[in-house]
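Below, each structure is written out as structure tokens.
Each of the two complexes below includes chain A, the first together with chain B, the second together with chain C.
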Partner chain A sequence: MTLLHPDRSADSPVAIRIDEVSKSFGGTRVLDRVSMTIAPGRLTALLGPSGSGKTTLLRVIAGLERQTGGIVAFDGVDADRLTLRDRRVGFVFQHYALFRHMTVSDNIAFGLRVRPRRERPDRQAIARKVSELLELMQLQGLERRFPAQLSGGQRQRVAIARALAIEPTVLLLDEPFGALDAKVRKDLRRWLREVCERAQVTTVFVTHDQEEALELADGIAIMNRGRIEQSGSPMEVFEDPRTPFVCEFLGNVNRFDCTYGEGYVEVCGAQFPVDWGGRGAGIAYIRAHEFEVVAREHAEGVPAIVDAVHPFGDAVALEVRVEDRPRTVAVSISRELWELGEIRKGDGILVRPNNVRVFRAAS
Partner chain B sequence: MSDTPLTAKAPFPPAVIAATTHETPGVRHALTAVALTYLALFLLLPLVMVFAEALRGGLAAYLSALTEPDAVSAIELTLLVAAISVPANMLFGLAAAWAIAKHDFRGKTVLTTLIDLPFSVSPVIAGLIYVLLFGLHGFLGPWLREHDVEIVFAVPGIVLATVFVTLPFVARELIPLMQEQGTADEEAALSLGASGFQTFLRVTLPNVRWALLYGVLLCNARAMGEFGAVSVVSGHIRGYTNTLPLHVEVLYNEYNFVAAFAVASLLASLAIVTLIAKSFLQWWYGDALASGPKR
Partner chain C sequence: MVEATALPAPKGTVLPGLGLTLGMTLAYLGLIVLLPLAAVFATAAGMGLDEILRLLMDPRTLAALRVSFATALLAAAINAVAGLVVAWVLVRYDFPLKRLVDGVIDLPFALPTAVAGIALAGLYGPNGWVGAPLAEAGLRVAYTPADIVVALAFIGLPFVVRTVEPVLADLDREYEEAAATLGASRLQVVSRVVMPVLLPPLLTGFALAFARGVGEYGSVIFIAGNLPYLSEVAPLLIVIKLEEYNYAGATTIAAAMLLTSFLMLLVINLLGNWTRRRAGHV
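Right, the complex of A and B next:
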């Protein structure tokens, strides 16, 4: 039996293979034969709505939960053969789980101080490691504080420092930004990426925020009801969503019921080729930015009425009412177009999709 | 408009908003007075009477009542019983609370209910159970007699009865707190490489230290003051199986009021010290909790 070497250096990150992993709590199946590989040294996101099993998968990887079936392997070694200590996983809990009776320094040093005597670094080495991490995490000056005296963002940084102190083979973060307010979130995202790159550690984080996953991760696995719907690079899953669920979960998308036949589907006044023959009902998805919008008199398209305008981003978001559709359609246009002044609330416009994703409706 | 301070628009002055009820000052003062009188009459007065009666014969009589051999032996026995039963129940309470709050297992509800049993059983019945079990004509009596083991009407019986009666105090104090704290801290410690024992010693125990101390205090007060259960199993053998509460009763029945109250004043002092320590802890530990995040 090969064990992960305790002195494994941080410059050879670990690959994680998850093979047909299932997990049930009582009679409820939370993970259903999940398989994926996590590339060494990369930042991977487990993305999904609450209850999709993403946190459970993370806990199974960490060894905090034991799978009911399947294998988790770290660099080819069955993780079941490793104790929690040997797995050396840096786990950052959603609410950080800092030890409230210990100072920031003691929290960070914890993982080193509890090592068996033979492996334990001496006092000076621990102190050096702690001050290194304090610097990396920009926590200088807070050494003597207790967790209760820190802000949410500071607590998170202490939790990450504590996890990194044991020089983990993998860093696992459960909803790392979940408990922070919107402003802090954005700042921390970029910063977390930098830290992970510098620490050269395989990192997996759980999130329900698609923007966070797309922006931060090298690889994304989208989970739904205990299964992985699709995994790949952010570009792959965003550009080529394979299932209706992924389609609805990523990007600002409109759903249309449609019918297809003779190799074509007609959605919103435009025709698109489909890969399959026969006739039947389908579901079409069109993203907000995939519409061409023109003022009514100029061109062809489906007539629509502008219901609301939200000009608060890089693009201008419109809510438009198309014919007899009960729900408004989300359409985004460039600021330049909006600034021409031809499209205002209450105006009639023409919309025309230039791209569509069609799925056969489940019969 | 802009020169009108916003507070002037508030419908009530702040003092009225702060109060959630609208009783007139007269009613409020009357209610307070009733409560205070009640407390003074039923709690404070008896306590004062204990000390007054104890000192009625002068300080010399008071001290001699406390230093005569039977009293000393009762004090010693009481301390011995507490010294055994309090640590025993502290260990049990910690173990039980840890098991119930941090783990899932079959029979958890049964265990939780069993822990409460001593609270719902009358202490006299608790004592009787031991007499029926270990007494001369009891279930195990003949066997114990053959092997020369004395339990009932001896120190072991008193210890057993006290352990039974004070069993829930520590566990009851710890379970809700441990349940509220959850298991994330323990999981963090384990994932950082701590062993189970290190996790318990460095994380679980410090997280509940104030509640534990509080539970131990209550447990101790009850262990020293228990009368009913101990009375049944003790046999009231002077200088041998009399604890402080039993000694008070013996002296009182002999119309030796000064001595009875002198010994009683010791127990009363214990209660007062416990109360003060308890309020201090509550203030301190309540504060420590309040300053922490509610997670």
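Right, the complex of A and C next:
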């Protein structure tokens, strides 16, 4: 698409390679030999709980922090050799960091106006660019406003427009939806995808919201304690979580302690094969939707008492008490089944898992 | 028929108590500020116009006014720069004993100015630690307007630091980082992003330091040498007139100072408002 890149439409988006990058603040290690590649032109999510190092990694990519070890390369060029200006990253801060003494237009034009004279577009070119971006971001009519006069969603769009104005090689967004309310979030998610696709720019965003990452990104890197636990497409990481942490972080899961032996593991009244021999303790994860629920009279399954019913979504969420477990188990069933079975709080039901992920417990 | 719920429409404003608080404000301002000021003008007006003009055109009076305003302006300007640096260091960096340094800034507020004057005179006087080497080097600061500027710089520093500090603290690092990622050089970051936001409080601090400096008496008389036409400040001249029981003369000089100060503060504040509007404080 050439609207945003009239002068560099031949440029292909940039690939980022992160190689053994570490970062320490004082004595604390925030990033621990992180390696990943970010595909050009794709939307990549850095997902993890707070304190996992995801924002620091984003800032290292941007050049706002200097890594203590390792290399960040943009299309094979060591980014350390590039100045902040030459990296041309569009960085969207969590709280947008709009210049409050400038109008919307002036904010967007900032990156063009501060260019050295010989690279600076003339007045008309800047005005054209600004109005293009205003249109793309659906901000027409707000150009003379100051940031204080805008809503949260509008501010975010101005921040993205400002970042896109410099025709960045990479667009980096720190918790892009963190400061917005739930309704606006959902709308903006879809819209951000469209913008990134149209702008054809390699995009990386940070989030702690798994749903956001799964829905929006082409690729996800799940971070924990300064390391990348797993990366891959949303489908890969969701269907095939490689570590207990990833398992717990993605989807609504229940954790069971179990023992395995003879190539089998028994969890919640059901047997599943495991890939390894011997005997030992394991941890099993079952997602809420991976339970079959039947009324008590029928056979097979573990008896459970319904502790709470939350019928407020596409699926009905149940909290059930399985006899010997102190914590309730989250089970989700379809609305039809729920209405058919007339399941209420206090009812006795049978639950049976139809899928499980087992990990050997660390010895 | 459904009857509409009758909520009393708020009259003008939703916040109650405007009448009472505004009344108190005006009464207090009138009693504490305006009445004494009016008295100054009333007393001064007791003299004939000829007499007033003769006094104001007196070279000694003019010299004293010039010394007062020039030194106050210069000291406020120096403080604007120094205070900005101090505020920057206090907000942006962490260093040992930061809280102690922070407390020291306020000392000029608390110290009786006469004490400050004596201390400064001891330092910068012809035999002082700083004054003696300077005098040997041929730079005489003692008993010159330079000495007055030093005293006023001391007195005025906290005004600038304390007005700039909260605004600077509010200006998150992110703004500078955002500007830098957009390609701004360090100089552009400071001139286009930081200074526009800091200018309004800086002007306010400047105005406060200036106003304080113009009226300063205690610290100045100990250090300035008080040579008529050279280092005699207007407040001192007022005291001299008072000691001669020349009340009308004293108040005339006071009224002249008031008017000049008022005009200068008005200009500074208008400038401040203009920069504030440009800084987007809506």
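Here is the rule we use: the second predicted complex is superposed on the first by the 350 of 363 C-alpha atoms of A that agree within 3 Å, B and C clash if a C-alpha of one lies under 4 Å from a C-alpha of the other, contacts with A are read in each partner's own complex, and residues count from 1 in each chain.
The definition used in the following text is that a contact is a pair of C-beta atoms (placed from the backbone, for glycine too) under 8 Å apart; a residue touches a chain by one contact, two chains touch by 3 or more.
Since we're looking at a predicted model, the values are computed, not measured.
Novice: Using the overlay on chain A, decide if chain B and chain C clash or can fit next to each other.
Specialist: In the superposition, chain B runs into chain C.
Novice: Determine, under the contact definition given at the top, whether A:K23 touches first (chain B), second (chain C), both, or neither.
Specialist: Neither partner.
Novice: Residue overlap on chain A between the chain B contact set and the chain C contact set?
Specialist: Shared contact residues on chain A: 62-64, 84-85, 88-91, 93, 95, 97, 99-101, 110-111, 114-115, 147-148, 162-163, 165-166.
Novice: Quick check on the complex: what are the chain A residues that touch chain C?
Specialist: Where chain A meets chain C, its residues are 62-64, 84-85, 87-91, 93, 95, 97, 99-103, 110-111, 114-115, 146-149, 162-163, 165-166.
Novice: Inside the complex, what are the residues of chain B that reach chain A?
Specialist: On the chain B side, the touching residues are 184-185, 187-195, 198, 202-203, 206-207, 209, 291-293, 295.
Novice: Help me check something: in the complex, which residues belonging to chain A touch chain B?
Specialist: It comes out as residues 62-64, 84-85, 88-91, 93, 95, 97-101, 110-111, 114-115, 147-148, 162-163, 165-166.
Novice: Can you list the residues on chain C that touch chain A in the complex?
Specialist: Residue positions touching the partner: 172, 174-175, 177-185, 188, 192-193, 196-197, 278-282.
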